[in-house]
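One chain, chain A, appears in both complexes that follow, with chain B as partner in the first and chain C in the second.
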Partner chain A sequence: MFKYSTIEKEKDIEVHLEGDLDIDGTEVVKEELIPMLQEYEQIKINFEKVLFVDSSGIGLLLELVQSLQKKEKKVSIINVTENVANVFELLQLPEILGEEVFL
Partner chain B sequence: MCSREFINEQPREINKTLEREIKLARNIQMKLLNGKQPYLENGEVLGVSIPARVIGGDYYDFYVLPDGKLRIVIGDVMGKGIPAAMLMILTRGAFRSAAESTHGPGETLTAMNNAMYNDLRTLGSFVTVFCADWDPKNNTLTYANAGHNIPLTVTSEEDIAEFPKTKGVMIGGLPDQEYSEESLELDDRGFVLFYTDGIVEAQNKDGEMYRMERLCDVLLKSYQSNVKDIKESIVQSLNIFTEGVPQRDDITMVLLKSR
Partner chain C sequence: MQSIISKGKSVKEAVEMGLKLMKVNESDVNIEILQQETKGVMGIGRKTAIVKLFRQERFDSYTKSDHSDDDLYATMDKLIEASSLDQDQVPFVHHELHEDKQLKTNQLEELEGKAWVKNGKIFVKESATQFPLVKISENVQLIKNNQIVTNKKTVVSEADLLEIKWEEEQKKETNWQVTIDELKLKVMLEVEPGYRLTREIRDVEPNQQIELVADEYYEAINTLTYEDVINKMKELRVTYGFNQNEILKALEAKENNTYEIATGKQAKPGIDGWVELNIDVDPQNGLFEDESGKVDFREIKTIPTVDQGAIIATIHSPTPGQPGITVMNEPLPAKRTHPIIMKAEKGAMVVKDKVVATESGRPFVEKRGQLCKVSVIPKLVHQGNVNLSSGNIRFNGDVEIRGEVEENMVVEAGGDIVAFKSINHSNLITSKSIVTYGSVISSELSAGKNNMLIVEIGHLLGIIHAQVEKMIMLIKQLMVAPAFKSTDFSRTGLQPLINILLEKKFNGFRQYVRSYVKVTNKGKNYLEDECWLHVSASLSRIFLALSNQVISLEMIVKLSEKMKELHEFSKTPVEPEAFITISNTLNSSLYSSGNIIIIGKGSVNTKIHAGGLLKISGIVRGGELYGRLGVDINEVGSNSGTKTFIAVPSDQKIKMNKAMEGTVIKIGHITYVFQQTKYHVDAHLDSEGRMIFN
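Let's turn to the complex of A and B:
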């Protein structure tokens, strides 16, 4: 099951994702995270506990980050595990979302 | 009095219609996907796609070029099921028209991205595609990649490797993309495997993945086999590993062997 927890400090928030990021994450990302994160200015997305991501998950991540970037939020993705980093690299996500997003 | 019966009847009718239409859609997809495999004088090629659901979003295709080369493409649409299948047909159309008017695999991917980018952005989707031209005269593959898994080349019973990497953003990722090309001279007796991630990410009942190591083992043992037997060995190995656990993702492979 895909879930998340948050640590907030004024206008900054760190979102800890947990579980496989795939089609089952659709509701969490689209209905909870995207609306909720609009209130913050600096958003860190922590991937430490995400061990698998498939193409549907990548689609969700793109939607999440790009919708926040459109609103000029500063988004960063941190602590990506090796397997997931390989997928990001294959798809060249840093080129699509911006090198500065991946810390 | 009979209104209740009527109400109950409607969903059953709708289900029946839907079921029939999905079956027809599956037929269309399977016929387009598993069409005639090209006959090659100096080699053999085989493609197969096994959807996780009734229909799927994986894609492979062949196109014989006027100069005798064979253009091979394999792709994976984001997601699965009916939405992915609709975009798979779009991908096929883009490949077929690009294959006719472009000189190499890099240009083919650029043309596909140009044709599909706006639609894919509107739909929040993307497709990973690997495209290669096989020249039977010098047994060389020239290829370009749009975010797809790197194919494998088997050159002996002990040697297997990924193709030298070539980078490229997936189709629908960014506009106006150029895709660089690489070339690889194939082993006279070896073979290559193009595949989608559904193979290495197939899971057993404990949630363990099939992984690259198992795939490599099967491929090395199949060094002497023909493409049909190699395909059978991969499918059998996957079936033994997954023990009937329903497939999570579409599985697609293309095998090419020179002779």
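Let's turn to the complex of A and C:
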């Protein structure tokens, strides 16, 4: 099951993702996260509790980050576990989204 | 006894003793006093007297002596030598006659300040003035007062507690190993025989400087047995091709060596199938220059023709190779041989192993690797002009046009096009060759269209294939990454993943695919093999369309294989090559997959692309020219400054007898603009990629 929780502070928000970021997270991301995060200026996405990803999940992440970047929000992805980071590297996510996104 | 060294408490005593020993009188000898006796105080510092006595008549008797005495003197000499060389021999003389006491004293004095080695032990005798020096060689340790001497040299004294240590014996077991090569055709036995190294400390005579040396005795001990080898071979399942001699040699080996102890039998390669032509089908290269550079247009080589029923070619089936045998006694298949794939097209038929003409006409044989196409091309002779009243000419065979090709007409042929008069504002297209005797004005000539197309799309496909291979590798890598779930592949296919890949990692890939699809669609009619179009469809379905079709890795792998095949095929040169030979041209475009030769006045403002050599015996004014296998032009440029651009690949040459100002040449990526007229230019790149002109 893919879940998330948030910690807000004025215009900043940190989103804690929990569970596998995969095709089953499509609805959560597209219908909840993307519209909701448009409200904030600085968005941190915490990947600490994401242990597995699939290609659809990465597609969702790209969509999410790129939609926010388009509106010139500052997005960063934090606490990515080593194995997941490995997958991101293989797909050159840092090159696609910008090195500064991955902290 | 010719001389003697004698010692005594006094010189007198020493001399007396010497005379007694030599059994001579004092008058018979010369006496040399080597050391005067010293009394010393209470026995300390006391020294004995040493004298040397020489028999006086030694020389006389030697010279006087006759032959019978020779032996005697020889013996004497030896003794003398012994006594003078070996100091020990002197006291030996005393031994029998004098008290031991004196002798010992003498001996000890001789040894003063010296050290010596006997039976692996070191002895030292000090003197007041000197300590003996000991050099220590490798493999020997000197323990002085329970400490290992680390220096190479040391002085020793009687007070030192000395011990020599050395490794008396060193052993190494025999090492050996058996390896089989990849092809299982050779079994190699590598032997490193064991050995025993024994060391002994060399005895050293007393001297002020001595060296401790360990003598080494090396003995190779090869413990490898025949059984060892055979058991190992059994273990490795080697059962064929034993080289008994080599095994025996290995058992005897005293030095490291490698032996080939079993050899398999290599497979003998077979011969691919081939085509034997029973008639001459070689089309001649159009027009030829004679020695003076003139062309006789009447001297056209006759194009060979066949009558119905004639045998054009014989197909020879491949000769299979002979299988080999591995050392494991497994058959080793010979490399597969490929038969000729004969496609008898229009006008030809395969009967058993023969290709027979079913129509009369020009036999045409095209080979690309093992693929061979034979057809008999009919010939169309068009007597008049090609114009609105004759209509465009489209004929699947050779076309000969006796008249002009007038404006906006098209001539399309499956075989060669020969035009006797000028061509104006028209299109001539063939997959074979074009020869024209008139001028080519504002027209487009294209020879070997299909070949050019195949080279072009083959090149594109090569790039696409390489990228797809990379993609497949990456996908496989991803699928084994611990944090990657491939569960969605069964639901959505690879599409989401491909989209991510194309975003950055394979950025630009789609562009290649689009070009490929575009070119294949355009050239549809010239592509005989439908595989090119199938690949085009698959590529656009997987990488261009946003369809919902589920794409599996297998599909991509299969497509990649197909692309590889086609790419390989496109690299195989086709024979015979198409060519264009014309007399002169103005404002036109010429494309040929093979050579382009312009033998008349030359070319003005014409775009020329030759897949082979481009040779122009006249003048080139303006235009863009490319010769994949080099360019050879008499004169380039114009006074009016019209730009002429000539290009070849990096490994080819551009030759020009005269290159006028403003001419631009490009070899590989290097461009050069002529600022002034140059003669006899032979431009090419040197090994460092710089353009040179001679």
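One rule holds in what follows: the second predicted complex is superposed on the first by the 103 of 103 C-alpha atoms of A that agree within 3 Å, B and C clash if a C-alpha of one lies under 4 Å from a C-alpha of the other, contacts with A are read in each partner's own complex, and residues count from 1 in each chain.
To be clear about the criterion, contacts are C-beta pairs under 8 Å (C-beta built on N, C-alpha and C of every residue); 3 or more make two chains touch, one makes a residue touch a chain.
In this text, all values refer to a predicted model and were calculated from it rather than measured experimentally.
Engineer: Quick one: is A:5 in contact with chain B, with chain C, with both, or with neither? Answer first, second, both or neither.
Structural biologist: Neither partner.
Engineer: Going by the contact rule stated at the top, is it chain B or chain C that touches a larger number of residues on chain A?
Structural biologist: Counting residues of chain A touched by each partner, the higher count goes to C.
Engineer: Touching A:63, do we find chain B (first), chain C (second), both, or neither?
Structural biologist: In the superposed model, A:63 contacts chain B only, not chain C.
Engineer: Could you say whether A:84 touches chain B, chain C, both of them, or neither, answering first, second, both or neither?
Structural biologist: Only chain C; A:84 stays clear of chain B.
Engineer: Given the touch rule stated above, what does A:23 touch, chain B (first), chain C (second), both, or neither?
Structural biologist: both
Engineer: Which partner does A:92 contact after superposing on A: first (chain B), second (chain C), both, neither?
Structural biologist: It touches chain B and chain C both.
Engineer: If you stack the two complexes on chain A, which partner ends up touching A:53: first (chain B), second (chain C), both, or neither?
Structural biologist: Touch status of A:53: second partner only.
Engineer: Go through chain A and flag every residue that touches chain B in one model and chain C in the other.
Structural biologist: Residues 23, 52, 54-56, 58-59, 62, 90-92, 95-96, which sit in both footprints.
Engineer: Using the touch definition from the top, list the residues of chain A that touch chain B in their complex.
Structural biologist: 23, 52, 54-56, 58-59, 62-63, 90-92, 95-96
Engineer: With touch defined as at the start, can you tell me which chain C residues reach chain A in the complex?
Structural biologist: Listed in rising order, the residues are 474, 477-478, 481-489, 491-492, 494, 496-497, 499-501, 503-505.
Engineer: Chain C touches which residues of chain A in the complex?
Structural biologist: Residues 20, 22-23, 51-59, 62, 81, 83-84, 86-87, 90-92, 95-96 of chain A touch chain C in their complex.
Engineer: For a test of understanding, state which residues of chain B touch chain A in their complex under the given definition.
Structural biologist: Per the stated touch rule, the residues are 76-80, 124-126, 128, 147-150, 167-170, 173-174, 197, 201, 249.
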